[in-house]
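Shared between the two complexes below is chain A, which has chain B as its partner in the first and chain C in the second.
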Partner chain A sequence: MTGLNKLGGRTWVVTAAALIVLLVINAVLQPNFLEPSVVQSNLTTFLPLVLVAIGQTYVILGGDIDLSVGAIVALVNVVTVTVIAGLGGDGTAVVIGLVAGMGVGATCGLVNGLIIAGLRFQPIVTTFATSIVFSGLALWVLPQAGMPVPEPYWRTYAGSILGVPTVYVIYVVAFLIAAVLATRPFATRLKAVGGLRTAAFQTGLELGRLRVSAFMLSGLFGAFASLCLTGETASGDPLMGQTLAMSAISAVVLGGTALAGGVGGTLGSVLGAWVIGMIGSVIFFAGLPFEYQTLVQGLIILAALAGGVLVTRR
Partner chain B sequence: MQPILRACDISKSFGAVHALDKARLTVERGEIHALLGANGCGKSTLCKIIAGTVGLDAGEVLIDGQLAALGSPHLAEEQGVALFYQELSLVPQLSLGENIFLGREPRDRLGFTDRAAIQRQTEALIDRVAAVAGKGFTPDARVFDLSPDQRQLAEILKVLARKPKIIIFDEATATLDRRQVEVFFDILRVLKAEGVSSIFISHRMDEVFAIADRITVMRNGETVAEFAAAETDRYAVVYAMVGETGAIAASVRDHKPLEGDARLAVKDVRAARLGPVSFTAQRGEILGLGGLQGQGQKALLAGLFGAEPFQGGSVSLDGVDVTARRPADAMARRIAYVSGDRGRDSALPGRSILENTAIASLVRERRHVVPGAVFRERFTEVLAGLNTRYAGLDAPIGSLSGGNQQKVFISRWLSPAPGLLLLDDPTKGIDLGAKGDFYLLARKLADEGATVIIYSSEDSELLSLCDRVLVLNGGAITADLVGDRLTPFELTRASYGDAA
Partner chain C sequence: MSRFVDLAKNPLLISSVAILALLILGELVSPGFARGDQIVRLLTVSAILGIAAAGQNLVILGGREGIDLSIGAVISLGAVIAGNVMNGSDAAIPLAFAAACFAGFMIGTVNGLGVTYLRIPPLVMTLGMMGVIQGGLVVLSRGVPSGNAAPALMAFVNRSAFLGIPGILFVWAAIVVLMALMLKRTRFGWSIYAIGSNENAAILTGLPARRIRVLLYGLAGLFGGFTGVCVIGYTGNSFISVGDQYVLPSVIAVVIGGTSLAGGAGSYTGTALGAIALILLQSVLTTLNLEFWGRQVIFGGTLLLLMLLYGRQARLRV
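Let's look at the complex of A and B:
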């Protein structure tokens, strides 16, 4: 308890420390690690996970969980590439495709939220079920991987906007959205809903609306992640992003957000996502067989969970 | 000037139970108004109606002379009525300031949470109670880290931040010690000076006379008297609570003189909000636990049974230490427990009557298989002895009425007969016929040598059934009523912590 007191609830400080350690190890193992091109390449690789983790944070803060976000990523991808191809693949088609993708993501979140908050279904079971539904829809839209996106799409993603690499622009925009949300009453109210639902209810908060909003944010950030992945793969893939939901939940937990809800924030989740990315990087450059990555990642998350329990238990 | 609140002819039924029957309440601006009455008189229901958490069947509420629409807590709050909750509305993970302004955060021009304003306004609120706030009571402090006193204070500040005209405090002092009560009273006086009215439900008569300007007394869902506190005394108030007949009528029961030595000795037992409490009881005695609800009676029974073990003290029965650490200990000593909360404490839902009856015997006899034939015979006889009406032992427990279910649950404990029978408001929600059977059974078990301890939320039940009643108030025994002193008047008086 004293540990948490000193941090004043800023549990992300621990994650930041872990990230620094990993950065140092990586810099030692990999001499060119800090070169701008390598930094950019790494941050590009981590971007989808960072985005999904930001969205997942809202759901978890509100005391729920979203297992379906990986399937949302796939569905958004196939819808976007299909819309772009269907409209002829010019600039207007790309813009409409992006908007459609975001619409699909937000709608999936809305469906999750309405079922869970409206019908009072269990979030873990519901989003597991809807993930199968979303995956099924993705396969229906695009049964096989393929259907390339037009060149300007992935060229823009890999390139720059006004001299700033596009990936960094996306990071900045995502952080701005997260920062704006964090300083609005929404953030506090969501934490109240996840912290002690009865108290939030007694206080007159609109629990349903808050929870649905959180799921919609998760779906929307899933869509952002999907559009970024599409920029990397440059084509449609109905099986895209399958591991993202679990990795994102791990990132959120590593970032100090309590799985029970009410404590944490997006900053920690971003750091947590980077930590997970770095762990993979360390294992790779330390010459360990790649098969160990999942095992090590699992053990580290277990340790983080245990640490969290020790810190919060009086 | 208009009274700030006038509730007229409020009626409310829950099913067949008339909780309120044309109840009235008038509260003046800036006064502290105490609302008193025995258990089940309707005072809490009336408060809930005014606070919008319970709807009303008939009647009207005027606030500041205006007809108030009180469909929800939110509506009531908009009209200036705030209900004080006991630690229920604070989110432990959030800071004090975040909690106080949760749902109504001050915002800057861009719609962002104005943290500086929260800080400033919380500090201003804390200043009003600075004398009693204690260490670490700052806007940034997490509620998680606050002491129970400070949480209570935080709850009050949360109410104050809504700038209410009327605050309802339902048993706000129940968990406070004497010093904390003084603190709470200081806050009430501050509010009074600011023109805010308080409705105050208390379980202590001395508190009422220390702080209240006026007193409204309720009985059986009706408003029976209004007093100015300065012009009355506690006797008049207690008389109003029990009514003419109750006050005069001596107990009509045949008091059996209790002979012999105590066989149950409870010594200095303690639990959260209970004790230390000591008492003794005899073989063949039906001992009642009286008082207003939530004064430690249930904790005492749960402790004796080991369901919520005591934190100290000892219990001995027939010279043997029977201080229970878990229910199995108590069951091994032929201590039985029947709760009025059948759904929570007794029923194996969806299982048969036989299974619901056999469960205690299975544990006590360390059986792993229900010996069907033996148990069928045994429990058919027991259930018949209680006039239980049921289709068959294999029918699901839910097919029975409340009264018959309760008979099934008590029959768990009857073979062999218990040495100490603990009854926790056992006749709650059961019909009169079943109640009668229940009383007969309790008397029969006592006559056969058991000691029966019963808590009841109905004073009339204690008065008609018990040989002796211990009255609890704030976790302590305030009276030991027996013989001529076992009257409604003394019981009500002691319930309010007013010892003779």
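Let's look at the complex of A and C:
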């Protein structure tokens, strides 16, 4: 037990252990689990949640929370799909559509950040209110699900770039962004803002700018997630991504980032997202009746949370 | 001047003005909106949200980022339990009511234990609990709606009991009075504000902060179960996601009513007015005959506007 106590603050080690256990169970239940195509298909399924969880980590580190990211995913999806269709659906149109989608994500994050940091609003209620606005706008852009994306889009997403599966390229790029950000002063300053806001302010940190940047990152990673989901579904859906925000928050907390802010990191969140994905997969392959899946998934997540807290508690 | 500013920032006043303005707007847009029976109808809907928000209000007042996101699932559970226990029989109403409230109280207590003794953040604990209850409901019901409200319960919620006012409104009025008395006049009420505003100081004065917080979550669950009974009385039958629509509105009613999400300050009277304002806003937006997306955008925008008035956090520069 003393050995476990030394983990203090590094809940992600526990999460990693949980992930390994889940991987072993899944490998036993699903014989072809380690085949490259199955690994790739699993990682593809988990990718949107991983991306949203990375973005959410920055917001939570800064002591805020972003409930609107699910609505951002929907808005980015419908804007991208509509822009691509409006421009004729060729290669240039796809590129412009992707840029437009990322622009929408970053802008939504900017709006959240400006309202919360600039006007001193409470993040939970504010991002809930903006999520209503964002999903309203998504329904305005595209009232009904439909409007397919051109074939090159989803073919590229399911295919590979220079011999490497596109999904892995996206993972690497996302990890690189997270790794670079982790070495920048930004990460330390953001933790200071989330840890002790008054002290951070008194040492002269630009709180507003840091918090707005965190929300923009969340919006941007939400956009990445949305573009990936669009690659999977190959069509527009104004109701896409509704459960993503809550799952991402669970992933971030599972990964050891404190909801109070100031402690944690993106590595843990990625592990947390994978754990949540693997729980779903294990339950599926354990052949549990469909109606028990939500219950068991909920119980496991609660148990994992309680376990992580107990183990790292000082 | 500063007295004027203080007055203009009083949540009770703002909610009351908003309620009045919305009634006038509704009457202008669609004559008959502010007719007596219409108002009673809107108040009935507000009462259901208001009772759910009572539980939300308690956990938020208790501080430590208190919030109960499982309240929607508890409402659904309460409705399903009550519906199955009653199954259309008036005689079983008391038992149904007790069962729903007891189940809610037990779930809330588990939330409270997780939050205090395992130190799981309330947002995550109650979110996880929401998943567990929803999963449990799927298992229990196999996705098929079951259970019926007893006629007397439906009459209690929907029909006039006295002077055209249904019984549920009298019950809600009683809850408003009791909550105000409890929060402002009893030792337990004061200790809620004490642990909500400065928990360490409260513990040093000898308050059992943890036990109080567990009880607050238990009460939130109890109010959730209570709401579930009202919901099935309102709709007649229950389905397993019937409570979902109350989760965030219950938080918003509390915020509009002037209770700080940081805990330790606020009142249930404000929350009750907040619930009425929220329901009125939704109703006016429906009457405006806007498309769904337009209603959504205006609804979200109005919430932001209300927060601009008094939902703001303290300035760091003093």
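By definition in this document, the second predicted complex is superposed on the first by the 288 of 314 C-alpha atoms of A that agree within 3 Å, B and C clash if a C-alpha of one lies under 4 Å from a C-alpha of the other, contacts with A are read in each partner's own complex, and residues count from 1 in each chain.
In this text, a residue touches a chain if its C-beta (ideal position, glycine included) is under 8 Å from a C-beta of that chain, and two chains touch if they have at least 3 such contacts.
What you see is a predicted model; the values in this text were computed from it and never measured.
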| item | value |
| --- | --- |
| Which of chain B and chain C A:Thr127 touches, first, second, both or neither | neither |
| Which superposed partner A:Thr183 touches (first chain B, second chain C, both, neither) | first |
| Partner chain(s) touched by A:Val263 [first = chain B, second = chain C, both, neither] | first |
| Contacts of A:Gln297 with chain B and chain C, given as first, second, both or neither | second |
| Most chain A residues touched (candidates chain B, chain C) | C |
| Touching partner for A:Thr198 - first (chain B), second (chain C), both, neither | both |
| Chain B versus chain C as contact partner of A:Ser213, first or second or both or neither | neither |
| Touching partner for A:Ser281 - first (chain B), second (chain C), both, neither | neither |
| Residues of chain A that lie at the interface with chain B and also at the interface with chain C | 198, 258 |
| Chain A - residues contacting chain B, complex | 1, 5, 8-9, 180, 183-185, 187-189, 191-192, 194-196, 198-200, 202-205, 258, 262-263 |
| Chain A residues within the chain C interface of the complex | 65, 115, 119-122, 124-126, 128-133, 135-140, 143, 197-198, 201, 207, 246, 249-250, 253, 258-260, 291-299, 301-302, 305-306, 309-310, 313 |
| Complex contacts: residues of chain C adjacent to chain A | 65, 67, 114, 118-121, 123-125, 127-136, 138-139, 142-143, 248, 251-252, 255, 261, 291-297, 299-301, 303-304, 307-308, 311-317 |
| Of chain B, residues touching chain A in the complex | 73-74, 77, 85, 88-94, 98, 102-103, 105, 107, 111-113, 140, 142, 145 |
